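You will see chain A twice below: alongside chain B first, and alongside chain C after that.
Our next item is the complex of A and B:
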């Protein structure tokens, strides 16, 4: 038995293989103590809690059980959706395709506008003073307000949700790009200029590489916040899309539909993170020893005014 | 550029001239400050003017057909509506309902989040809670709101659970960040001098974690109030979210904007003024708080 590797799963084959090992008890203890085992234990624990809650509720209020979804129902629902056997107007793939299209349009517009504004705010003090407060105000506004407002203004079509994505995501882009401009190494600019490096190469080799991590953080945040805003917008002002469909199951009072669709939301977000952002990040920052993105999150205004005063703004 | 000028001057120029240099630098700073405030105030004027006079046309253009002016009231109308609603006296009750919900939900969420974060000191629990934190951070708050609304109906426990599920991970992430930055040497020393686990936590871990906890509190609050308003839209008969939904359903946009803006300013006030003042006061003894 090798001692360095801890088996990832304690499935049956592994444990039978281990029974021939010198000390099965120690091996079992080590498996149980490994973080991977804990990670796998979490869903098991979740299902156990789910079952126990259901059983307890059945004892106390037998009538309430109709509302509560069982894991089996949710699983069956998700499988039906997966094989496109659904009661909703559009199947799972069409629904997520529609939402993704809206998300991407809003995301692209927010990235372009936000980058332009962020660059302007990073380069000019006047622009920064002009836009700072309003960026903060848009950032702090709940997506719900944008969603309801846009649904009333635009009714049931694509523009309301797209505008919601833009408004929800753009402040993150602006703020991150502005931070990126401020963090570009000034010495490199000065040196490039004194060695008469052409402007295009300065942009390509100095500005872009130092801006890239900030742009990347901006894209990540814009995407995830935009997605959260989009589903709310679709609930109120959509005829289709992921948000509309979860609201459809909610209105139909199918708890297993709501839970199952919620699980799809989570899977969608995590898949996107794993399959899109992580590979891009690994590729784009391969040349760096480590990623040092100062990700600007919700409350980045701390010491903002201080920074405005202290940092030289180019 | 003023900084470099003073640098050069300090070396060679006489004292009287240096004073004038400092004076110049001061004047430059003054000018800079004036210009900043000029632009800031100008931005308020411009935005409010655009909202009052031009926004209707902009939205009509975006829509492709003219927008009913009733659907987009200007700031003056919103202010008038605010006066009306304030006169009716329903506003404090709605604020109170929402704030109570936030306090209960986020209070519990903060405790749970901090506990999970502290448990995540151990590798085993880190593995255990990893996916829970990931899901809570990446899932839209809407799904918790809908799930709890369909299961619990109008009972107050529904919003509480939704708030906990949306915000606990923010606290957890901050706490575990703080734990990663724990002064290991101090802990090792405490261990080798056989300081008890309780004392170690009380005297080393908690003081070190306090600023991180506070950052978690501020982040969490900024999310918590938004989720609370969202829960009230679906499963409540009082509070800001409920009033927002009613006015949106009635297409009464000036009332809608009044409710959301009133609570928006209130929440911003709590977040930026009250919490930051407390933080500054509480952590005065620290040189610089480095909490992400």
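Our next item is the complex of A and C:
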């Protein structure tokens, strides 16, 4: 009988706690070497590069100061936006609410339609043959083209941006769900069937969990690609929203406004990933203790390959 | 007590030139508290026979009846790989194949987990267990539905020798204690001799060529002279049938 257990990462803290009198130099070295410190160092490094580049450019071209924003200008702009002191028609919160509403509508429709199509394509060869080429065509189409096309057709209301989100995101959902269906663990279905487990329980406990990593990859892609597509659509076919507001600052010839608003856009995407996707992913995939959330999709296919090898050869 | 009656069982795969005969005219009766091992070289149809017994595949012709005291027998399975749901805990994996989740069922699951010495691992996910532990969960899962007959398909072939030996001993105890019928597929003659009171030898082409009774007392130690002699006897049958050449 073997009782090999996965090593616990917490054991490290136990061994460090034993050294009772810490040497200040050693502590400083440990802080500098820690990944958190390196992470925090990055923005400092970024601002330094920004500042130095700006100073260098001004040496050769004095008018640069009118065009290129300094970190201070961008920071001041972002703060003003943050406290809703803005020249734009709608404040930061209203703008992001509008964009988020469009994004979520498009995202939900893309997920539902994409899942249905992906399931059909994974289960039926004929459906796959019928849909495969146009899925690839939509995948290859730049979001910019959808944005322009939809703004021509729908003018300046919500439909253009929402349709752009759907079209930008749906191929990723279709392809991921289809691969999920193709990779369902057949040996687990055989196991369930031989134990005469009812069909409804097989769907709930075998099919759905095995599709989940693929659904998750689909949702993440659909969200980030859709978010980018939305902004482009709002630039051309919106009268409000984050994309429109970036365009507003562009028209007003305010470089710090363009950069600042784009920064809000990035921050929002990162916050969403951190506060929504990561916690859900951690919870849904807590059965994979040894893996980081970033690599779950790849890791799942590796497990799948292992399980494939275990299938009985007749 | 369970009864297995196999009559004129025939199984083919493919058609025309691609036709492969997996089982040819197999007739067999197994009854009572027996531990029957099916041995033979790769491609002799032993896995196919098990798949037909478990209902994963249907025979081309012939009949298979698995009954227990006149009614259809309840079967349990242990597979080559543990085949656990990786996203469910050990206890939930056992409950997954149960008819209900009542407190008695849960207690029964816990009892069988303790029998395979994993009583404290119910809350773990399969990924947190070693290969041997996972296979023991698979064994507990098969026993805890309290089947009339237990089918096992090379359950220890993926494990290291020491773990496999420990699990063989546990399996023997559980078989002796629960009085179940076990049908055990293996390519390891030593394993078959150590565990079974009857060994069925299959040859390529799916023919049942020998039916050997092993009348040695349990527990059997592989290093024991009598066990070694019995193993040599079965291996000699293999040689006579020219099974080793393939």
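As a working rule, the second predicted complex is superposed on the first by the 249 of 314 C-alpha atoms of A that agree within 3 Å, B and C clash if a C-alpha of one lies under 4 Å from a C-alpha of the other, contacts with A are read in each partner's own complex, and residues count from 1 in each chain.
In this section, a residue touches a chain if its C-beta (ideal position, glycine included) is under 8 Å from a C-beta of that chain, and two chains touch if they have at least 3 such contacts.
Since we're looking at a predicted model, the values are computed, not measured.
Engineer: For A:253, is the partner it touches chain B (first), chain C (second), both, or none of the two (neither)?
Structural biologist: After superposing on A, A:253 lies in contact with chain B but is clear of chain C.
Engineer: Going by the contact rule set out at the top, does A:197 touch chain B (first), chain C (second), both, or neither?
Structural biologist: After superposing on A, A:197 lies in contact with chain C but is clear of chain B.
Engineer: Is A:209 touching the first partner chain B, the second partner chain C, both, or neither of them?
Structural biologist: The second partner, chain C, only.
Engineer: So, does A:152 touch the first partner chain B, the second partner chain C, both, or neither?
Structural biologist: first
Engineer: Touching A:53, do we find chain B (first), chain C (second), both, or neither?
Structural biologist: neither
Engineer: Would you check which partner chain A:188 touches, where first means chain B only, second means chain C only, and both and neither mean what they say?
Structural biologist: The answer is second: A:188 touches chain C but not chain B.
Engineer: Would you mind checking which one, chain B or chain C, touches more residues on chain A?
Structural biologist: B
Engineer: In the superposed arrangement, does A:23 touch chain B (first), chain C (second), both or neither?
Structural biologist: neither
Engineer: State which residues of chain A lie in both footprints, the one left by chain B and the one left by chain C.
Structural biologist: On chain A, the chain B and chain C contacts do not overlap at all.
Engineer: So in the complex, which bits of chain A are touching chain B?
Structural biologist: It comes out as residues 33-39, 41-43, 45, 67-68, 125-127, 129-134, 140-145, 148-149, 151-154, 159, 163, 224, 227-228, 231-232, 235-236, 243, 246-247, 250, 253, 255, 258-259, 261-262, 265-266, 269-270, 273, 297-299, 301-302, 308.
Engineer: Help me check something: in the complex, which residues belonging to chain C touch chain A?
Structural biologist: Touch residues, chain C against chain A: 13, 22, 47-48, 51, 54-56, 75-77, 79-81, 83, 85-88, 96-97, 117, 125-128, 130, 132-133, 145, 153, 158, 160, 162-163, 166-167.
Engineer: Which positions of chain A touch chain C when the two form their complex?
Structural biologist: Those in contact with chain C are residues 1-6, 187-188, 190-195, 197, 201, 205-206, 209, 212, 286-290, 303, 307, 310, 312, 314.
Engineer: For chain B, which residues are in contact with chain A within the complex?
Structural biologist: 32, 35-40, 42-44, 47, 59, 62-63, 67, 71-72, 123-132, 134-135, 138-144, 146-147, 149-151, 215, 218-219, 222-223, 225-226, 229-230, 233, 241, 244-245, 248, 251, 253, 256-257, 260, 264, 267-268, 271-272, 276, 292
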